[in-house]
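Shared between the two complexes below is chain A, which pairs with chain B and chain C, respectively.
So, the complex of A and B:
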């Protein structure tokens, strides 16, 4: 079983992930769109780039009303980013198995803080999803599966830190593989599609001379 | 499945383009958009959450464009869109959305929710699920040329009164004029002072302009109801009028959705670019002011604010122009806390004001504007959309608020050095 998880299932999940993500993005970016015959007031490209960046920062007047989603969202995403790309085992894995080069991993204290941020952020977002009347209404099965899968990946990742138990490492790797297979068919795709989404909207506003 | 439902579903299918696919793939259902929508903030009814209003299109996308939807279809466990779905979303989309687009400004993932809601409208309208009042005004616009049934005779009668009043000739059907002005029915019937102001300002600045007897109506009920074919027919009438008179520019009036219809969506409705330029009246006035062609005198001293019409400012980019103009003849202009592209809607856009059924929720939504006005304690509200003006007037009346509301063009005309009031 261990050899399947470390071998064929790993390559299969990675292939599904890469092909799925690229296919989705190609269909979105190169899909046929209707021409806009109106005369622009301003640059669509500048608008697209502006919105790509500006939406990282919430509107200051809106912030008090959406602070939970913003704070928990940033905690989760930043924490996960550090864990994914700067946790020592991940840096080593990327170096040895995928990229062929590595970089300095995060110090242990940063790893711990990031893990706490990521867990707390994800739990807060999920609780908000099930408790808040709006989020509960608009959420579907896919949202919950994505959240639970991500939580399992993070949890098994923490368990895998006990490197003396190979089974725990395999469990983490198996959960990552399931996550990778699920990714292109799920809401997890937002990790990539937020870029064309923001840029489409930014270009539209940009043509009209609206700073969005 | 009924024929009308099939037509509606086909229309919805035709709306699923790469943008929509990216938007639906991206939405993580965070619910942030709810807090941007005045129909939600003032009712706390979660069904008014903007992204929830797009559910019919999302459902169709999920079933026909996603792996899990297709798999469910193969297994026969799909939950298809029904007549009941369309009936339920008709009230949500037409009564509880003013197409203000505030949600599209705030979505952290950059989803233009307002645009998707319009696409939902096109499907609903095609399937016959639209408010009776809006359907009637749309039919009137097609049959008569105006949603309020205003014919050229009524306009000529108003023009006669105005000409007598200001002692200026209002040009009609003048060929090769630089500008052809459009009007909204509301301006003709309720706010003719706008026409009077145009005549005075253009006379003062020496602008070559005309009205067109065959194409004076700027409002576009097709856009409001979501019928793009009708919207195209109405735009074609303006294009034909402008081309017949060989004008260089067409002026969009103080009407939000009319600006969207003629300036931005019109060429796409008819599938080709225009042979003339479209400018909003505020753009033109600002240009005249900047080039020194407007000589103004006297300052408004009362405390006043500007209500940004969503379609003109947030969805139209005309943000600095009204402020430049206002600062040139007012001493006590104050901004609402959230203004410009982040203004709060009056609650009556997107056809809500023409939909009698939506009256209670529209008045409830107006509480957001009321709160903004209460904070400022102003004597006057200036705006540049006759629909906003009417909605705000009703809201002020309903809330017993003693605040004047005037159109910007009309206020500016009162400050011309040779204007009638000075």
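So, the complex of A and C:
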């Protein structure tokens, strides 16, 4: 079982992930769209870039109503980013198995704190999704599977933190592989699609001279 | 000549026997060999306090070769603590089962009213369930570590238990500090409603109506719920502070402080787990309609009148109750018209 997880299943999941993500992005960026006949009043490119950045800052009128999602959202995403790309075991893995080069990992305490931020953020976000009526109604099974699968990946990684037991490492790797296979077919794709999504919206408004 | 021969023979046989006897005496007396280390090791080991020496290693407790208090702590952990935890959890489980079997589920008097009122906001429920999820994870992993030797090793064997113990320890240490954050959220959000109010003593004197089946007047939270809240906060803070001392051994704390922290951490955790079992029982199997408050945020008006009549009256005075149909609409559920008509006619 271990050899399958470390071998064929790993390559299969990585292939599904890469092809799935690239296919989705190509479909979005180069897909057919209606021609925009509106008279350009301002730069679409500037609007696209402006919206890409401005969407990181929540609207101040909305903030009192969405403060939980904003705080928990930032905690989860920043925590996960540090965890994924700067945890020493992950940097080592990327170096040895995927990229062939590495970078300086975050100190152990930062790795732990970022994992704690990510855990707390994810738990609160998922609970909000289940508890808040509007969030619950606009969520489907895929949203819950994505959240739970991400949580399982983080949890198995946390349990294997000591890096002593091969079984725990395999459990973590298996959960990562399932996550990678699920990724292109789910809302997890927002990790990539948020960029074209914001830019298209920004370009559309920017061309019409509307701030967004 | 014959006599001399017999004498010589006896002498021949007796001499080795005498030698063996002399050797036996030597064995019984023991052989004393001067060992210059004996007194040193006796000084190091056979005392009930840690003897400080000198060492080139400069760190906390590095000048103590053997700390006898560690033995005492280890005996406490595998003996007293495991017994205390087992007895406490068994007694609590027994009491809850007894209450359920003898009294059963406390039902809403007169059935549901068809009107509901908001009890907990979205944020309050997110804070509650965040704390609950983290607490349950920590309780399970903590109990796995505590009961490993007497329960899990006989069940799973050493090899699987070592894996479970490693996973539990790492999970417990990483998730532990989040407990403090979620505890502070609950502390801040619910503190104003958990301060002692007039009438709470009356609730206590009547035993909260738990055993007599008679309901006692109370506000938003009764004294039992307030007691649970303060036990959670105080025991939670004790667990959190002692846990931080244990999980971050790089702030100069020595073994004695760590051992003391471990004792305090474990005892407070067992108390909190035991009381939380009561809380979970009363909120789920023990009382009809209570869990709805933490699931949907809304409770039935009859439930509120039964358990928190003063708060229910306040809400009614302010016209804060809504119909179950309106509640269903707010929850995004289709309203069952037939049941509504039947209820109105009935």
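Just so we're on the same page, the second predicted complex is superposed on the first by the 212 of 212 C-alpha atoms of A that agree within 3 Å, B and C clash if a C-alpha of one lies under 4 Å from a C-alpha of the other, contacts with A are read in each partner's own complex, and residues count from 1 in each chain.
In the analysis below, a contact is a pair of C-beta atoms (placed from the backbone, for glycine too) under 8 Å apart; a residue touches a chain by one contact, two chains touch by 3 or more.
Model, not experiment: these values are computed from the prediction.
Undergrad: Let me test your reading of the model: by the given contact rule, A:13 touches which partner, first (chain B), second (chain C), both or neither?
TA: Neither: A:13 stays clear of chain B and chain C.
Undergrad: Can A:150 be said to touch chain B (first), chain C (second), both, or neither?
TA: Once the two structures are laid over each other on A, A:150 reaches no partner at all.
Undergrad: In the superposed model, which partner reaches more residues of chain A, chain B or chain C?
TA: B
Undergrad: Classify the contacts of A:162 with the two partner chains as first (chain B alone), second (chain C alone), both, or neither.
TA: So A:162 only meets chain C here.
Undergrad: In the overlaid three-chain picture, which partner chain does A:196 touch, first (chain B) or second (chain C), both, or neither?
TA: First partner only, chain B.
Undergrad: Of the partners chain B and chain C, which touch A:73 in the superposed model: first, second, both, neither?
TA: first
Undergrad: Is A:114 touching anything from chain B or chain C once the two structures are fitted on A? First, second, both or neither.
TA: neither
Undergrad: In the overlaid three-chain picture, which partner chain does A:137 touch, first (chain B) or second (chain C), both, or neither?
TA: So A:137 meets both chain B and chain C here.
Undergrad: Does any part of chain A touch chain B in one structure and chain C in the other, and if so which residues?
TA: Of chain A, residues 128, 132-133, 136-137 contact chain B in one complex and chain C in the other.
Undergrad: Can you tell me which positions in chain A touch chain C when the two form their complex?
TA: 68, 112, 115-116, 119-120, 123-124, 127-128, 131-133, 136-137, 155, 158-162, 164-165, 167-168
Undergrad: Quick one: which bits of chain C touch chain A in the complex? Just the residue numbers, please.
TA: On the chain C side, the touching residues are 122-123, 125-126, 129-130, 133-134, 162-163, 166-167, 169-171, 174-175, 177-178, 181-182, 297, 330-332.
Undergrad: Quick check on the complex: what are the chain A residues that touch chain B?
TA: Result: residues 24, 27-39, 41-42, 51-52, 55-56, 58-59, 61-62, 65-66, 69-70, 73, 125, 128-129, 132-140, 142-143, 185, 187, 189-190, 193-194, 196-202, 204-205, 208-212 of chain A touch chain B.
Undergrad: Residues of chain B touching chain A in their complex?
TA: For this pair, the touching residues of chain B are 17-19, 21-23, 25-32, 34-36, 40, 46-47, 49, 51-52, 66-68, 104-112, 115, 263-268, 271-273, 277-278, 314-319, 337-338, 341-342.
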